[in-house]
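Input: structures, listed below.
Look at the two complexes coming up: subunit A is in both, with subunit B in one and subunit C in the other.
After this line comes the complex of A and B, so read on.
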């Protein structure tokens, strides 16, 4: 029985990111002599959720095949944060409208990305990068770095905790489960996987490849827009550079989480493991008092190790 | 603003002593418009994605726009690169050389990597004035901030407020950037001088509230009681949020002149008499660089290395500073030609 569980788990690429997370957490706790273990986890969950939300969008994009990536996530977050905080203007009644606008911004950016890729035949990496310049410039022109406080109800919701567990993380968990089902059970999810495995074969099998890609870029941008709204609620307002660190983080969690960069194979639970891992890794090195240079070197080495382990398990299968 | 008044009175004195001809207040245009009215000055800027840089550009626009319509210079355009990258800014400077500008004011992405492009500009007879992000190329002028002092005075202030000392949390800026190293060195010096303080944790906040909040929230559970937080600007509000989220008492957090930080400070002051101080560079330093470039074009003797004072806000100035600071902006001072002359004269 135990052997069965172990061999099942070894087959799952995501297990490595969770093992790494646990190891890093243990190391931190041992260093502090057992102080603050629970609070560190609470903090990790509070911040990881934003990486998870954009990471899921990025995962769908990357899964649609080689070359597909969304680099417009940070700019979309900044624009969404700037527009929605200004629109809601600290009034609780306008939160619903704010959410709609955040999603709407995502839809526009997603469609725009797709049109660049499809009509102008620009590779996704360039298309989404150039779209991000336009979106970021719009955010700058619109917001001018204005930090408006979020409506109190939104701030309360994004920072609320139940027994140390952030409410937002619980919602995120439910959302992740739904996205897992979407990927595995729905027509759309299976199309994403099929397109990622072989676009031509998917097309021959009667899958509407272009619609799948359009929907995927829209999904990614919508999640980025939503994340921008939530993040500005969480951190007391939006700022122009609030999305910056999510560019690489969104891609890193996808890869560390065990999703294939070549597309066609996604890993939903791995996103959580990887997001927690990345956060706790920085916390651990900060707690150790490592200098910035050493911290970057160690982060790099540890991430390479985890990816190698996860990838090694994959080849054996 | 106290500091500005001092500057102006210094300038007035310098002018009276130096020339004895002009009455203070009417000097601007008479002495400036003589030779530079046909000159073109460009601003080469490497980044625009935060509130400080936005305020910097806005100040530039406002002051140089006035200077152009007053006929002091012919043109003063601002150019910002889309990515914060050295290669791109080097190419931009080369373009500005070809476009025939007489002076280039530059906020550089790197202190040494742009030296080649800067040298080309100098060789083409162009005046190059760097500020904030300065360049080391000897032919360029540098308007630097005494960042080390900016770190050290935080500890001097804390020693006055908390004579018994205690644990400190340090929030640093962007790793590997000159400014971060300098402020950090100043803080270390301050801790050595006031040995009752001890830095128990240090994180990088990248001068951004969200990043600072994230980093502080991560390290906080492992820290003992923190008496005060020393910062580099743009990170104080994020730190306050992290302390609040962790359910810890708010320590004395040094602020960095951002409007959100000042607004938070005011809120706390009204609620419980919270006291701190705030220090940063005024984004309007770009306008000082503009006037310095104009003065060099005017044929004035200007030393290659100038030091610009930073802008400190104390408890008593809080309300006035908050009023004059635009929402989402940074407490600012725009420099006049007189201010620039005072800085050139070494105050």
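After this line comes the complex of A and C, so read on.
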């Protein structure tokens, strides 16, 4: 019985990110002598949810095949945050409009990214990076760096907790489950997986390859836009550099979570494990009293180690 | 040299399993110097596994490997195999597509280095191509990826026979002619006979029994991972070979389609013109017809099929297509299978759209379709949920047939789909094509095998990208197809 469970778990790539998360958490509370274990988890869930949302978008993009990546996520978050906080102007009634605008910004950025890739035949890494300069500049020109408070209801919602569990994290969990279903059981999800394995074979199997790619870049940018709105609610207003850390984080959670960088194989639960791991890693190093420089070096080394371990089984195929 | 006839390789009791599938169940095989051994058997009989063991690519679970009389079981790998003069031409081509012909030759020969290695590599491979395939049109600086699959196969074969410093004792040819047209295949077999006469040993694996009977001195028949017969070629004929392989279906005298002779009628499903065609000759397919696309390999037949595929649903200047289209790829590695998916997922992908209920794909329906088509195509696997790569090449191809035939497509395009498929399977598939055509499906079938054209109602012959002849069924002869294929080149 136990042997069965163990061998089942060994086959799941996401298990590594959760094991790493558990190890880091244990190390932290052993160091503090068991103090604050719960609070650390609450904080981890509160912050990790933003990485999860953009990470899922990035996962779909990376799964559509080698070379596909969305580097415009941070800029889209910044633009969405700047535009929506100004638009909502601290009024609760305008939240719904703000959400629509955040998603609309995502759609525009996604379509723009796709057009650069498709019409101008620019590699995605360069197309999304150059698009992100345009988007970021728009955010700067539009927001002028003013920090506007979010509507109170949005701030309450993004910081609310039920018995120490952030409401946003619960919503995120439901969202993750839905996206897992989308990937495995919808025509769009299957198309993404097929295109990621072999674009030509997917075309010949009757899949609309270009529509799949367009929808994927749109999805990623829409999630970035939504995440920008939620993050500005969570942190009491938007700032132009609030998306910065999500450039590496969105890619790292995809890879650590067990999604194949070569495309065609995605891993939804792994995104959660990896996002929690990234947050707890920083917490642990802070608790140990590591200096900023040392913290970054150790984070880098540990991420490399986990990616190597998580990807180890896959490379044998 | 007056050494006695010597065993180049000697395998004893070699066994190998992949998970639950037993690919080799204790095989003995010895090849003497200057011998041409034919290796035949069904898909999944273990031929490709045996070849991979011989080439050093797979370490068997059990057994002994002797090369030139020396037991090297424990240090046998791709490198030592090469050092001992064993070369292999694989069914799944092993050239690097992003490199040129000459650069690919260099990969084989570490000796080609220094200032002018490119020139020497080009001379080496060019001379060998000229020797095996006189009149070929491959240049040493061509990029492999730009060549048709037939030309890639020619380069792969020529490369295996090039010699610099390492010896050349045994060449294993795994389905070498399946991508070649009749003429180049003939050139290759003639070359093989010359090589064997000069003392090089060859193992020839082929589903074309005529080739094996006509070229080999000894024939080894495999079935279910074991050797069931090994006799001099003269002791076999076509029938005894087929019955030794255990094929139940009668091969000779397959009655081609009796009905519809000459009368081309019914709704026009496909009308297409080659972009290079200067006159107004065009390809026309009526409902329920099987249309053959013939000619030498790589003369525009695949391009025509892709053009029709792309035009489906939206139309285009050169092609008019009525109804949904499915394509069965011949080059299954690059055009066909999804390597991360199960057999079932590979079969159902083309039909999923019809299984969506309230936005979600109905899993029961998907499983049911996989099960139905496992039975219909007799895909040999314990479980349709296993990865597609656990299947032998021929069974992978059956899965691709199932994908297209199980779909809603009224028009099915076939891009030389019988590559590396055994005789028994072929007959089953021919039968199914005939049934489906009688049921109103239209088939466009590119094939390099003249025999398969006999199943077609109308044949178009391609040369240099254009249609040079269209032949109704009752006028079809091999001579006419060949003369149209060669008209100017000869």
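Following the convention adopted for this analysis, the second predicted complex is superposed on the first by the 314 of 317 C-alpha atoms of A that agree within 3 Å, B and C clash if a C-alpha of one lies under 4 Å from a C-alpha of the other, contacts with A are read in each partner's own complex, and residues count from 1 in each chain.
In the analysis below, contacts are C-beta pairs under 8 Å (C-beta built on N, C-alpha and C of every residue); 3 or more make two chains touch, one makes a residue touch a chain.
Everything quoted here is computed from the prediction, not taken from an experiment.
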Touched partner set for A:142, first subunit B, second subunit C, both or neither: neither
First (subunit B), second (subunit C), both or neither touched by A:31: first
Touched partner set for A:237, first subunit B, second subunit C, both or neither: first
Partner chain(s) touched by A:204 [first = subunit B, second = subunit C, both, neither]: second
Which superposed partner A:186 touches (first subunit B, second subunit C, both, neither): second
Dominant toucher of subunit A (residue count), subunit B or subunit C: B
In the complex, subunit A residues that touch subunit B: 28, 31-32, 35-40, 43-44, 46-47, 133, 136, 140, 143-148, 159, 231, 235-237, 239-242, 244-245, 279-280, 282-283, 286-287, 289, 292-293, 295-296
Of all residues in subunit C, those that touch subunit A in their complex: 309, 324, 326-327, 329, 334-341, 345, 349-350, 352-353, 356, 359-361, 363, 403, 407
Complex contacts: residues of subunit B adjacent to subunit A: 48-51, 54-55, 82, 172, 175-176, 201-204, 206, 208-211, 213-215, 217-222, 237-238, 241, 245-246, 259-260, 327-329
Complex contact set, residues of subunit A against subunit C: 181, 185-187, 190, 193-194, 197-198, 200-202, 204-207, 260, 264-265
